[in-house]
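Just below sit the structures, each encoded as structure tokens.
Consider the two complexes below, in which subunit A is the common component and subunit B and subunit C are the respective partners.
== the complex of A and B ==
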């Protein structure tokens, strides 16, 4: 079989596999890719090739992983809107998305976000991909000495842009003041606690060194996935009957404005170290100041796609040599891109997978709505929680579960006190910003971890 | 119990069960109380959100404290380099091994050295700040030193490395350095450290503005050697006057080997000391004849049987079979570049001999004249766009990897490099072995036939320009002369600039007949050694 057909089939296979995973709430594609990497390494280490050994060929697993990232970034919209368990980069779609859901327009909200993702795919393939090899190496050379202070400004913005909630009722004085500032204080506490956890895990992780490539995974599961599942299980409201539609309340102007804000946010997050799609969306949302709710939802679809897929694509940009995002790190463990042909293969894979994924959004969204009708929303969340916990245990053992439990405690703080969950990103932002600024070692020394 | 009428339900309490408000025993209204004020019965309530909040705070803080304690007392696992697997990416491990090389400072100020433990080799990266801390603590390892350190594994398909976790985790035990005669140094001693002493016969500083090393030429009764060192080591030398010609010096050096050529590196500037005549300790050169058979063991007292030496595990192959062939296999020899490879991407390794910059404002590329290991010449071109991302442009004498597309122009291959990142410095250390070995010099009178190679020491005179070169009359000490030809394309520009009438040089060249007379045509590269 020629390389063309191998790549094409691998992309489609990866896309279809990821489509099923993306519909499960709380399960992140990077966790699944981690398991896939383990499988490939195991196959590769076999003394004699077996039937599945073809999976260890780069022209098979690289396009397949590309398809997985693309499909997940587009199809994860379905649980984000319909099941209310987004990953961190989709936080902003939840409130407007849930409005759609509670008005019986969950399908429409899903499709608007998916159209945003499709627009993001066009943005990546037609705008980012042709210009990246020419301009990104130069910009990287210019910016790489400035990343540390950019990170500190982002941290400052995250912490300062949260506003006091509450404090409108009750007696004046400290009680009222505390009620107003409770959310902010908890936000800062969440950021600091996450940061401390980051310092511990990045410098002396108790996770076994044999599976160190997933040593931050239990913490992420605890910070983001488990609290959402728990929240759904405990407090999920009954979903009203949903209706489907053949048209969407959008036009070209909304799409263009969404691409502007989402592309900016997602692109920034993809390019900057440690900054995630949620942070990029926050910054772009403030920078572009688009007021329309539809732009907001669609822009998040663009942002999420550009963030996940753009970051993955950067690994393959000729002359750039930039690794961003968990997916790229995992691929780099197996394969180092070496030519323009690799880049073209990835860009083509993104285009194909983007198209296939978009075509799958509508049927999968309808299927999910049927499942919601048939199964209790809480049971679906319970199943997802069980899968996540089993995966953490399978890869990292009891230690991983303990880390996930502690992280869950931190991740529940913003959920229960009404502050931003973005503060949980302190787990990476704080230690990496300190390291880049040159005093990370000193803090590690104070903590007795050096 | 009957459900209350719709109008009795308070807003926000639609889902609250009635029995939470009424005593399950006496049926009276108890509101929020958890014990009935009338009969004392316990009233079951839904869990308060406040309780869940504080539980979360408790879990977060206590859990984090436990995690910190666990991490603090968690011993970093000692891992053999050969046991490192791809799933260990980002693992914090401790490596116990030997430094294969001295610490090298990169252009961005960070440092690196190779460490091996008998099962494999890893590059250790040290940040600039950690490097300064190591220097302050006197823990910068040198080749041959036993090193223990904690680091974070960074694996990729091609490059595996360890990022030093902290300077405090580094423990260095200097390798014992034994005295050795210069003549006994050889590339078979690579990785070892020695004390050498010798008389300075020459000292060259790098050109201003470059990061090339200093070279110190020494001789003793057994032979000659060239020791290289960088600005850092130079700054450490307390008595710089000691580098003057004729001074006897003692220093600690490490031996390295690159492409079959020995390199001697000054381990530490502080180890260099000038010797008075009475301080010189004669070092007898070892016999370099065929290895002697082992001496018979003494008959009287048989030595106790030594335990068998632990069998070193085979060096780990990180290439994982087919995916990552060793770097050397990816290199294409220059002589294999032909029209069949036109337009294809290849990687070559070669030493830059000359840099031809385009004229100001010209859109022509910069051209590098490069010679690979086999001595084949190639022109490498790169344009302004590629040059913009280079922190430091290629300099003559240094070894680089070039990745680009093959371009055939007038039947001759050239390499077009599109990105500045595709030009990677491999070594800026010139080979320690002098390019021209003066010991091989022969008198001009012994040169008879064309075709052979010879080294001639003599004085240049009667300079005459040639098209594309220059020729001199080279007169040896006996007064015999031969025409020496130096082509521009063959001799580096900085070396050509040193050629002048009256200059004593050693020339390695090929004997060719020209206009009926025998000429010595200097070979490609550093084939001329100015002696005075």
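== the complex of A and C ==
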């Protein structure tokens, strides 16, 4: 079989496999890719080739992994919007997504986000890919010594830009001030507690070394996905009957403006270390000041796609030598890209997988909506929570469940006090910013984690 | 402008200070952090601190159990009439009506100057995302009306709308003709948006650094804080509301240049993006032996002008046969809503 067909079939296989995984709440594609990498390393180490040894060929697993990342970043919209179980990068799609759901328009909300992802695919293939080899090495040279303070100013903005939500009634004075600041102080506490947890997990992770790929996964699940599920189970109103539609209330202008804001946010998050899609989306939302909710939700679709896929693609950009995102790090353990041909193969794979993934969004969203229509939303959320817990246990065992439980405690703080959930990202931002500025070791020493 | 635009402008100003870059290259981010923080600080002072200590003459606090627009109208009219009787500035606070964990009763206050009345109408119940709950708009159609003794002239078009979280403050400023000007959020930009405040905060920083034996860092911080705080004030002056520029030497806001509204997408984006370009340029300038060489104009062409032209060309192609909706609002209302809906 020619390399073309091998690559094409691998992309499609990776895409279809990922499509199923993406619809399961709480399961991140990086968890599956981590398992895949371990499997390939095991196959490679076998003394005699077996039937599955073809999987160890780069022209099989690299396009397949590309397809997995692309499909997941597009199709994971379905559980984020319809089941309210986002990963961190989809954090901002949940509230507007649930508005659509509560108005019986969950399908429309999902499809608008998916159109954003498709637009993100066009942005990656037609804008990022042609210009990245020429301009990114320049920016890399200028910014390479400055990433640490960029992280610090992001932290500063996240903490300073949260506004008080209390103190709404009563006479002026300290009582009103403290009532208002309750939520803000909880937000800061959430950030610091997440940061402390990050220091522990990054320096003394109790998760076994054989699943070291996943040492932060239980914490992320606990911080972001589990609190949504619990909130849905405890407080969710009954979801009204859902209707599907053949057309969406969007036009070219909305798509263009979504690409503008989402591409900016996702691109920034893809390029900067540790900055996630959620942070990129937040910054881009503030920068572009869009008032239209459709642009916001579609922009989040663009941002998430560009963040995941763009970061993965950076590994292959000729002359850049930049590894960003879990997917790229995992591929790098198996294969080092060496030529423009690799880059073109990846860009082509993104295009093919983006198209196939988009075609699968509608049927899978309809299927999920049937599930929601048939069962009580609380039961669906309970099922989602069970899947998440099972996943954490299967990959990281009891210790992973313990980490997830502690993280859930932290992740529930913003839910209970109405503060910003993004503060949970202190888990990565704080330890990494400290490390990059050169005083992470001192803090680790103070914490007794040496 | 929006908080992020101010924040990035502050960081850009900090990047013009050579000591910021030098410190950053040695692992010390303090000047850039200070720049961003000072860039957003004037709004922080107002929205996170001052407004909770701002005393009002009349507090309108509707009962969520017995929703009655007439009671609200009566209280607002009392505030106006108090201003007429006592010939002074009146501060009126309209509180929100929380119906549940995620639900708020929206209401609007309008001044009907022809009939000399204040008119209060209940809108829909909204959730915390300010999205109306279907079917609630028609449930409470009662209208509250109360007579006022003087006209209240609104400086912008929209009604006073109250929905989620904190309700707005309205200042009733007496005019020479006996009527009142309605000032939205009178506590905003009353003193915080002054060039002198930035300098004063810089002096505090200098004092602190000197006490710790590092006066040079203090002087550097003074210059940087004055500039970064000042850029916020200057940017806001491009809008409508204006600022009290030299508090305590001046007492009133100087009207803005009316070039933009603070919530407009394009000016905000340009502020952020041009700041990023200047930061990039300053970092490039500070490199001792860069591998790539380019000028500022070239950078602007590649990073702003060329993509901007392509974007607007595409937008023209996509919208040439249709109108595009442009939502307009007032500066203060923009900032107020931005604050309330901030994620």
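Throughout what follows, the second predicted complex is superposed on the first by the 443 of 450 C-alpha atoms of A that agree within 3 Å, B and C clash if a C-alpha of one lies under 4 Å from a C-alpha of the other, contacts with A are read in each partner's own complex, and residues count from 1 in each chain.
To be clear about the criterion, contacts are C-beta pairs under 8 Å (C-beta built on N, C-alpha and C of every residue); 3 or more make two chains touch, one makes a residue touch a chain.
These numbers were taken from a predicted model, which means no experiment stands behind them.
*Asks:* Looking at A:401, would you say it contacts subunit B, subunit C, both, or neither? Reply first, second, both or neither.
*Replies:* It touches nothing on subunit B or subunit C.
*Asks:* Just to be sure I read the superposition right, which of the two partners does A:445 touch: subunit B = first, subunit C = second, or both, or neither?
*Replies:* first
*Asks:* Between subunit B and subunit C, whom does A:332 touch in the aligned arrangement: first, second, both, or neither?
*Replies:* The first partner, subunit B, only.
*Asks:* Can A:9 be said to touch subunit B (first), subunit C (second), both, or neither?
*Replies:* Neither subunit B nor subunit C is touched by A:9.
*Asks:* Once chain A of both complexes is superposed, is A:141 in touch with subunit B (first), subunit C (second), both, or neither?
*Replies:* both
*Asks:* Figure out whether A:43 sits in contact with subunit B (first) or subunit C (second), or with both, or with neither.
*Replies:* In the superposition, A:43 touches no partner, neither subunit B nor subunit C.
*Asks:* Where does A:160 make contact in the superposed view: on subunit B (first), on subunit C (second), on both, or on neither?
*Replies:* second
*Asks:* Give one of first, second, both or neither to describe whether A:55 is in contact with subunit B, with subunit C, with both, or with none.
*Replies:* Neither: A:55 stays clear of subunit B and subunit C.
*Asks:* Between subunit B and subunit C, whom does A:125 touch in the aligned arrangement: first, second, both, or neither?
*Replies:* Neither: A:125 stays clear of subunit B and subunit C.
*Asks:* What residues on subunit A does subunit C touch that subunit B touches too?
*Replies:* Residues 137-138, 141, 438, which sit in both footprints.
*Asks:* Can you list the residues on subunit A that touch subunit B in the complex?
*Replies:* 37-38, 41, 44, 58, 134, 137-138, 141, 193, 196-197, 200, 203-206, 209-216, 318-321, 329, 332-336, 339-340, 402-403, 405-406, 408-410, 412-413, 416-417, 438, 441, 444-445, 447-450
*Asks:* Applying the document's contact rule, which stretches of subunit A touch subunit C when the two form their complex?
*Replies:* Touching subunit C from subunit A are residues 92, 95-96, 99, 103, 135, 137-139, 141-143, 145-146, 148-149, 152-153, 156-157, 160-165, 167-169, 171-173, 176-177, 180-181, 184, 235, 251-253, 256, 260, 282-283, 285-292, 420, 422, 437-439.
*Asks:* Okay, in this complex, where on subunit B does subunit A touch?
*Replies:* Within the complex, subunit B touches subunit A at residues 49, 52-53, 56-61, 63-64, 66-68, 70-72, 74, 76-77, 79, 85-93, 129-130, 150, 153, 155-159, 165-169, 320-321, 323-324, 345, 385, 388-389, 418-422.
*Asks:* Could you please specify the touching residues of subunit C with respect to subunit A in the complex?
*Replies:* 2-5, 7-8, 11, 24-25, 27-29, 32-33, 36-37, 40, 44, 47-49, 52-56, 59, 61, 95-96, 98, 101, 127, 129, 131, 134, 165-167, 263-265, 268-269, 272-273, 280, 283-284, 287, 290-292, 294, 302, 311, 314-315, 317-319, 322, 324-325, 327, 339-340, 342-343
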